[in-house]
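A single structure is presented below for examination.
A, B, C and D are the chain letters, set down in written order, and residue numbers restart from 1 in every chain.
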Amino acid sequence: MITVADLRAAALRLRDAMEVEADALNEIDGQLGDGDLGVTMRRGARAVAERVDDMPDDDMGRALMVAAQAFTKTSASSYGTLIATGLMAAAKETKGSDGIASDDLSRLVAAARDKMMERGKAALGNKTVLDSLDAMARALDGADDPAAAALRAAEDAQIALRDTPAQIGRARIFADKSVGMDDPGMLAMTKIVKAVTGR
Amino acid sequence: MITVADLRAAALRLRDAMEVEADALNEIDGQLGDGDLGVTMRRGARAVAERVDDMPDDDMGRALMVAAQAFTKTSASSYGTLIATGLMAAAKETKGSDGIASDDLSRLVAAARDKMMERGKAALGNKTVLDSLDAMARALDGADDPAAAALRAAEDAQIALRDTPAQIGRARIFADKSVGMDDPGMLAMTKIVKAVTGR
Amino acid sequence: MKKILNDPEKYVDEMLDGLCAAHPQFYRLVGDDKRAVARATPGKSGKVGIVSGGGSGHLPVFTGYVGPGLLDACAIGDVFNSPTTDQMADAIRAADQGAGVLRLYGNYGGDVMNFDMAGDLVEMDDITCTTVLLADDVASAPPAEAEKRRGVAGMVYAFKMAGAAAEAGLDLDGVTRVAQRAADACRSVGAALSSCTVPQAGKPTFDIAEDEMEMGMGIHGEPGVWRDKLRPADAIAEEMMDRLLADMPVDAGDRVSILVNSLGATPPEELYILYRIVKKRLDAAGAEIVMPLVGRYATSMEMAGVSFTLCKLDDELEGFLKAPCDCAFWTVT
Amino acid sequence: MKKILNDPEKYVDEMLDGLCAAHPQFYRLVGDDKRAVARATPGKSGKVGIVSGGGSGHLPVFTGYVGPGLLDACAIGDVFNSPTTDQMADAIRAADQGAGVLRLYGNYGGDVMNFDMAGDLVEMDDITCTTVLLADDVASAPPAEAEKRRGVAGMVYAFKMAGAAAEAGLDLDGVTRVAQRAADACRSVGAALSSCTVPQAGKPTFDIAEDEMEMGMGIHGEPGVWRDKLRPADAIAEEMMDRLLADMPVDAGDRVSILVNSLGATPPEELYILYRIVKKRLDAAGAEIVMPLVGRYATSMEMAGVSFTLCKLDDELEGFLKAPCDCAFWTVT
């Protein structure tokens, strides 16, 4: 079971990882987009880490809501808003519980994916973070080692979509150029999973 | 005696000279000013040359007025306006006459100088074209070879004032820097005299 | 970076402080983090509120157009970045006079998601919201995908017409309908000659050679349809008019307005050189030009370049275009 | 050259064509060579005429300010070059409504000589002329030689106040007196960050490094008082206020207006950042700020930089400042 204490530790790891990765994420986002993905993630992760003490031990839902709000308050870019949306969806599902059972992870990631799809009006296969989440939700279903399964799924999805053209956001305008390049949001999700799972 | 035919020939020589000298005059004006002196002189001289046929044989005054108006119509820079002012002054003095006697030249140049002084509110010694005219008016007084005398006076005045600071127009702001440099308007007058006298 | 600023992180907050200090008769900062601007004197009770928002760096868009006959409030993000959900909710609350609020803004991913979330938030305050998205840039997607187009200077017409409709007392549905019709009536295209610098980035958003221009470039430096040697003004204007008229043909007898807009550094002198061709083309089509706008109405800070926005009028839209409005950047009497 | 133009030689004529085509309700070309702009609807008979003129490249200065409550006519030279005597005479004739004409323009050698000559010309048409020269730039000469100072953005206040005085029916002496008092009440200082390009020259007027600025530079690139690394906005604003207040101290209770002006490329965002300090300094002096102006009122095409103009008011000047005016660039209601 993942407790709020685990969530706090994960938040601190995420912050540390994003301090390191921010430039690389800006760089890749800058190739076809506006180059702010690292800024988004560094700011958001810092804000979540600053608020770990506001996460109540006995309510995973409220703890996740704290994380979501940290993102909405600090970043309004597409990615930050989608992450907040996903966290809110998970928060809603875990409200009042003191943790997340391993075999509930798949359902929560799927819930986040669905809400983010609704919010961003993108479809699966559009080469976005949604494809990472979709792959993860499927891989987590019945996984023995959820962390490993999620990470591998995120990595595989990134590779699987590499050669499709971008269809969403700024990168869409460069659809042709985007073939053969990783989607920045998918890459970021791989790094997020790596950080929060401590792999 | 200088006839209107002589004036026409001088105008054509002036135009040809200014086609050649324009860049150099822009260059020297650009060192401390706005670099348009060559443009002014080329345009003005072209306009005068275009209107030589409007210069009546029997009225040197009206002929000079044609030249003055060619300058006011094409150029409104300080120098162009002063040249027009000087030409108008000379025109007034020669109205109705069929030419200029050699021994009248000094008086006409002095008249131009005075009217230009009134117009531009500069004083002698301010390192401007006025100092060239003043030197020429004095040198022409009783000169055997008016052309040679005028040219030498213009050249000498230019050198004499080289080491004084500019006190007029844009160059005034760079007064210090202007020490040791020729005044563009004085240099232009030397070139004008050279061209119209055919030396 | 040829910019006059202190801390890049404070660029927007200091700008807003100065804006409100200079024009207290028009603007008032609201919200927790002071990232929403509302009218100094709120619209009268029962008037439909109109809110906009988006990234900074486009003055007068968006914030500048808060005022009588225009917007009621505006949420302001960092330069070229969406405001947050909370900031948008602050703006919506400030705009609400009990008759609902129209969200009227440009079609950019982050803005859309955040305005949607802000709508969810203010639902809890019983504020009804509608949405009209500006998507007028013909260079950003073909006609078949017109709904994917980004919003650019066309929003100036939409703000003006919707603002006048709200002032005239139309209800939320009515104002929303006018705004949608205004949005549908506009087509824009831009051409950039140089980049601007986002303060937080500290370097130009894109590189472009000293003798190059880019046709169709977006206001954040989004790529356009071609990049090539700088062309003569008349050729640029002809091509821009070609693109607009191909997308929205104009017939004899049509009444249109046209906005010839500087993206920032391009001086009005050059807008007027372009305007000769704009007028020639519309005259040739037999259209009547109504209230042409020439100036800096929607900018990208110090970017050099221009955009044209063609707006097809009918009696209703023309009436709202000519109605009075007032703000620090635009007065119609 | 990042400029949108056709033939550099036609820059000004095409600009004027476009200006008058876009705003026929305000502007009308007059004179043989169409280098004077007059009001579309002349001032009423018996009103004192006000004429200005100077080089192009400074829109809205000079031509833009032709309109009710402002100028009656304007002569327009090539970029940064004086109009000719004939063009000025055309403008004076267009401005005359039988009550004489005030020549109100900046203190530049060529302009002065040509306006004087134009005055001689129109004397033959029995038009009486007076002259008020703007010489507000404190960086261009020390106080002891104040009459040698060049005229910069202060002319905006002088146009406005003299224009209102003429509209109010004052006679030529009265309008001239108001204009002189307005001119005397203004002090300006500018700072440039980048050059502009005169079309006919085809290259930047001056070179300045990417990280440099020049304090006190004139609007044609005339040298200033220092050139150094670009400073933070607040430091720039403090120094500019220091220079203005040293030249014209402001006391508690004084009423002043202030113009924070972009020379062209500098966006309004940055003017507002500066305005915070302007207001702080005037508040600290105990002065009351009346109708502050922030925007592009007197420019040098695409030059990056700013100028501040401080204008000390009394009841008469304040009344004329607030009086209505209208033109394509500035509406006061």
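By our rule, a contact is a pair of C-beta atoms (placed from the backbone, for glycine too) under 8 Å apart; a residue touches a chain by one contact, two chains touch by 3 or more.
Given the structure is predicted, the values throughout are model-derived calculations rather than measurements.
Among the remaining chains, not one touches chain A and also chain B. Spacing of chain B relative to chain C, judged by their CA centroids, is 56 angstrom. Centre-to-centre, using mean CA coordinates, chain A is 32 Å away from chain C.
Centre-to-centre spacing of chain C and chain D amounts to 29 Å, using the average Cα coordinate of each chain. In chain C, no position touches at least two other chains. Shown for chain A are the residues that touch two or more other chains, of which there are none.
If touching chains are joined by edges, the resulting network of the protein chains shown is an open path. Under the touch rule stated earlier, the contacting chain pairs are A-C, B-D, C-D.
Listed in rising order, the residues of chain D touching chain C in the complex are 1-6, 11, 14-19, 21-23, 56-57, 59-60, 64, 193-194, 210, 230, 232-234, 236, 260, 264-276, 279, 292, 294-296, 299, 301-302, 304, 306, 326, 328-329, 331, 333. If you check the complex, the residues on chain A that touch chain C are 34-36, 39, 72-78, 81-82, 84-85, 119-120, 168-170, 172-174.
Across the complex, chain A is touched by residues 77, 80-87, 109-110, 113-114, 116-117, 140, 148, 200-201, 220, 222-223 of chain C.
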